[in-house]
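The structure under discussion is supplied below as structure tokens; questions concerning it will follow.
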Amino acid sequence: MPGNTFGKLFRFTSFGESHGPALGGVIDGCPAALELDFGFIQSELLRRNLDYPGSTSRKEPDEVEWLSGLSGAITLGTPLAFLIRNSKQQSDDYETLASVYRPSHADFTYEAKYGIRDHRGGGRASGRETVARVVAGSIAKLFLKSFGIFVEGAVTRIGPVCLSDSFKDIDFEKTRTNHLRLANPSKEEEILQLLQQTESEGDTLGGTVACRIRGVPPGLGEPVFDKLQAHLAKAVMSIGTAKSFEYGLGQAAAGMRGSVYNDIMKIEEGKVSFVTNHDGGIQGGISNGEDICFQVGFKPVPSVRIPQQMVSADGSTREIILAGRHDNCHVPRLVVIVEAMAALVIADHILLKRSSRML
Amino acid sequence: MPGNTFGKLFRFTSFGESHGPALGGVIDGCPAALELDFGFIQSELLRRNLDYPGSTSRKEPDEVEWLSGLSGAITLGTPLAFLIRNSKQQSDDYETLASVYRPSHADFTYEAKYGIRDHRGGGRASGRETVARVVAGSIAKLFLKSFGIFVEGAVTRIGPVCLSDSFKDIDFEKTRTNHLRLANPSKEEEILQLLQQTESEGDTLGGTVACRIRGVPPGLGEPVFDKLQAHLAKAVMSIGTAKSFEYGLGQAAAGMRGSVYNDIMKIEEGKVSFVTNHDGGIQGGISNGEDICFQVGFKPVPSVRIPQQMVSADGSTREIILAGRHDNCHVPRLVVIVEAMAALVIADHILLKRSSRML
Amino acid sequence: MPGNTFGKLFRFTSFGESHGPALGGVIDGCPAALELDFGFIQSELLRRNLDYPGSTSRKEPDEVEWLSGLSGAITLGTPLAFLIRNSKQQSDDYETLASVYRPSHADFTYEAKYGIRDHRGGGRASGRETVARVVAGSIAKLFLKSFGIFVEGAVTRIGPVCLSDSFKDIDFEKTRTNHLRLANPSKEEEILQLLQQTESEGDTLGGTVACRIRGVPPGLGEPVFDKLQAHLAKAVMSIGTAKSFEYGLGQAAAGMRGSVYNDIMKIEEGKVSFVTNHDGGIQGGISNGEDICFQVGFKPVPSVRIPQQMVSADGSTREIILAGRHDNCHVPRLVVIVEAMAALVIADHILLKRSSRML
Amino acid sequence: MPGNTFGKLFRFTSFGESHGPALGGVIDGCPAALELDFGFIQSELLRRNLDYPGSTSRKEPDEVEWLSGLSGAITLGTPLAFLIRNSKQQSDDYETLASVYRPSHADFTYEAKYGIRDHRGGGRASGRETVARVVAGSIAKLFLKSFGIFVEGAVTRIGPVCLSDSFKDIDFEKTRTNHLRLANPSKEEEILQLLQQTESEGDTLGGTVACRIRGVPPGLGEPVFDKLQAHLAKAVMSIGTAKSFEYGLGQAAAGMRGSVYNDIMKIEEGKVSFVTNHDGGIQGGISNGEDICFQVGFKPVPSVRIPQQMVSADGSTREIILAGRHDNCHVPRLVVIVEAMAALVIADHILLKRSSRML
């Protein structure tokens, strides 16, 4: 099974190169009679195209064309296919890169794998690929909403600036109204200056994104290999430039004692709940009803506008400054993509859960 | 697809409860004519049963019985099935837990999912499940060895004690001869004292495991959703108590600038290589020929021997001290399990790679 | 994905060679809290070991050992693993065949695929493999029974003797009490003589098996490629020696006019039903609530006790009479195997159906 | 896994409703550096749109638009996405059918499954869906051609007229130049009269299609459940109106004796071959190097222009004459579709075969 399909029952197949005619996808397994909110889907795409200092100058309209699976706005249970045309292709920018391997890009590895690659804008390895993820994720979100489940992300770090130390401190309500989705909106000014400064130097930044999923019922997840956290990890580690994943207390858990770490349960008014949520809403690979919380770290965008030594397919090396359109920091734009992948995972597990019992 | 199968072409299905008759698995897709080294497989199982202060008193012999797929020691290409009997069951220890949800265990969530659970020793959610992973992983290692690929892990942290700050500092050769597989063998005494002390207090510890994969050729990995790091993340996050995953520079990458982070390539004697390996051997989801390096963090074992408040299925709460057999720290035993999962991923991608080109 | 796993959500992985230590399987995805009836499962295995003139002298006890997934007789939702030991191996019979390709067997093709094969009794290609199918199928039947669904087969032809011309004529109630499961029990004497005669000549026979599935609700089946009939066809065509599949009116439909063929619907007491069932209970790949009816044709057992010219791996040819244990007609024993495969398909689609709607 | 994806490694996902904006698909796993012949693909689509008495008046231009996966005409190894617009929609024809269940159509069953359906022209259940199969199949054919493998079909029966009794009698060379792809071109006049006559009566016909695959190397096929014939059966039984499948001698095998049936092998000039090909090129589920031969039977088109009693969703019944565009016989148009599905199966198994051995 090749790698462009995600999920088992709520199943998304993606296609498209950065500078090809179109990107898009097919969602197979979305249950019948879900009402799509096209305005919401388009607004999610806008969140992927945020405008801030150093964000790419390639501002595609990214209009979704629906090809199948709908009766008006209602899903038929048949495959939902969609496409988004690539309108602002400036392939000329990339001609000089046809035989050059850009540092920390996928140029060398795609050629090692396929013996051929589309060098224009990174081809299939371009971040532009995520536009299809956002569309699929927004459908998953609409599906989840009908069950009272909500997926929300926030930027918790940009380069050297940390915006939050723990999930407990993040006010996701406030974050949602912040343009850059910063976990700590009061630092917006500082971040904007940082972005401006980095842009002026031609350099790039990474960062981290936190994500919280509210309203997940207990019982989602498939032991042993398909634990919920394993699928979430796979989902977000498949986003380009992701370098780390942690959930609940994450890395910090490694340094703690069990007596301090363990999530004690309590009963209030006949309802089970947890005193703490160090496990991040998942125990034994299965949701426990608490918020699911995880965090993803991203390396800096590899396309710096500073001379770098590069190797060519012909065996020569030379110093090059990359042309083309690139973000200097993609982290604020990644929030909606992280959310999309998380939503796809939870939607899939809602359907998988239906097989666990006799009726 | 239920969650007890791992891999696409090199495919492992696992079964067994902690206190049932047996654990085991079926490996379907191991190519024909691989010679199994049964001594090696048994030695890997011994690495999972390490003896150290606070390691569990359940020392099963863990003898593998082979049921199919072999002509002598040679694989036939047909399913390799094996089992390991559970010999030292002390189910009585668990009778008092039949209706109690232990903190930060899978008791509550399994019941939420299935409406029924095997409470004896955690049933399917027990760490004992990993015995089958080690057998499958050792076969994957034998397969990889024939291609010159080697998977090696090391303990980089136990509780508060860090044993290594970066991959570059780990001498995996030395580590291999260290009983506990510590990344810094000179700290063995300190670790042994820490384990002793924690055991005497009835408390437990977590830690981190680093893993390096040598000899991987460029070109392994399946974009977009099945990037090599996404599969590695899923693989190790499916191990019980895993809380975090990072590869290459990992979390630290989020704070760096692109101009500092990027892995510059060079050509020496006609051969491409990399000046640094911040990307951890994977770019665009595909291996680049450098060592693949990743790290996994584990929370402390949840079974402390200290009174904890627990909730029962009947809605009551009471303070309980857990009986039964438990490690106070499982991290040294996790090394071989992390290696096993990594080996399964690489073996699978060796086979998947064969489809990428015409011939 | 290698070929020893069947089904998507109700998922069966099989293992074992004819003369290896054991055969067995893992059923992953059987919902929790199904009560297994071990007596029923054993009785199904007996149906596979029917005794009649020319049936094989290898009468294994075929006792099932359960390895996991159960609390007493109740499924836990975790993998159900089982094995059946091979007790009556007479591998010596096969030594002369180590390098010979038996006509119309899998000897030559396994070697072409794997470069190696287990020649003892056909190895993995032996009909003995079906013992695991029967166990898995009997669990599927118990699952289906809880929904009021029943799978019943009958022998409709043995060699030149046809026992039924159409589904409508088969009295499955009567058939069930017939030792050989003949669709027309009054012909039992004729069949027994035919079997006796063929056996005495060292020759073999084929035949056909019909199968009816009662109680299937409308709505099972997954368009476009996973139509219910496509899965049934795959299921039974995977049984060794199967050469043909048809459902409903089958081959005869090709010669009919639409105006005669079409199944007209009616409404009686507010309930939709069909005047005829030419479509065999499936329309557009989805069940319509009528009985699902299909038929499978099998070629004669290839192991005749008559001299045949055979080719060896060394390039020589010679005339050989096959030794070893073989049925002269396997068709009566195939009934329970056909039923097993059909039951697995329907069980899978019961679970798949649960994803088709929002709730 | 929902049902709109076919294949494991050479993997085709299909989408589109008969009267929606477009149909199309995504092929994931086609190896890199295959050169597409767009003229050939278009010519295959023309074969699906054959013109003969009673063939549908809906003659779409069926122009393929390529969306991704190509550098010029060369595959990149990334997903090949394509679409075909629906240009001649006359949805009004279907308004009266919004709540009526047409006999032997998928109307009732889709509603039973999804609770909703696209009634316009059958929606997803329409035969128009096969246009995407033909495109995918033509790419598979181009892939196979590079290995010297060719897939060829022929009409062997239309309604009461049989055109061939056995594979041996079919001259596929001659057939290829026959407009209707009749196995016996000399009967073309008779067939044309039959089609004319049936059309004038408003009735419809079924028939059978034979298919031969030349040049398949020995060793393709995945035992146990994924035998080559099982995948071929699933492939063609997923085509709407297919009712029967047989390979090699097929149904006739059930009546034969083993001594007559068995395919004897011989050695000529050091090369193994077979005296007969009763097994149809597959033994033990694996190809043996002989031509792969199978046959598919199709019921008559259900859309007759004769009054039929129909049931409505509201519980009423009435007599209706169907409007809309329909073939009176679809069999000549099915040839290219059967070929397409067979080509997809063989292409998939070429890739699967690469995993069977160590190197």
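To keep things simple, chains are lettered A, B, C and D as they appear, and every chain counts its residues starting from 1.
Assume a contact is a pair of C-beta atoms (placed from the backbone, for glycine too) under 8 Å apart; a residue touches a chain by one contact, two chains touch by 3 or more.
As the structure is a prediction and not an experimental result, all values here were calculated from the model.
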Query = Which of the two pairs, C-D or B-C, is linked by more C-beta contacts?
reply = C-D
Message = Can you tell me which chain lies farthest from subunit D, using the average of the Cα atoms as each chain's centre?
response = B
Centre-to-centre distance between subunit D and subunit C (centres being mean Cα positions), rounded to whole Å = 26
Inquiry  = Using Cα averages as centroids, what's the distance between subunit B and subunit C in whole Å?
reply    = 39
Task = Would you give the residues of subunit D that are in contact with at least 2 other chains, written as numbers and ranges?
result = 1-5, 8-9, 14, 29, 32-33, 77-78, 113-115, 124, 223, 355-357
List of subunit A residues in touch with subunit B within their complex = 1-6, 8, 14, 101, 103-110, 112-115, 124-125, 129, 157, 159-160, 198, 203-208, 217-227, 229-235, 237-238, 240, 242-251, 253-259, 261-267, 270, 272, 278-280, 282-289, 297-304, 306, 308-311, 315-317, 353, 355-357
Query = Can you name the residues of subunit D that touch subunit B in the complex?
reply = 1, 9-10, 29, 31-34, 77-78, 143, 146, 223, 351, 354-358
Task = Could you please specify the touching residues of subunit C with respect to subunit B in the complex?
result = 1-5, 8-9, 11, 13-17, 20-26, 28-29, 32-33, 65-71, 74, 76-81, 83, 113-118, 123-124
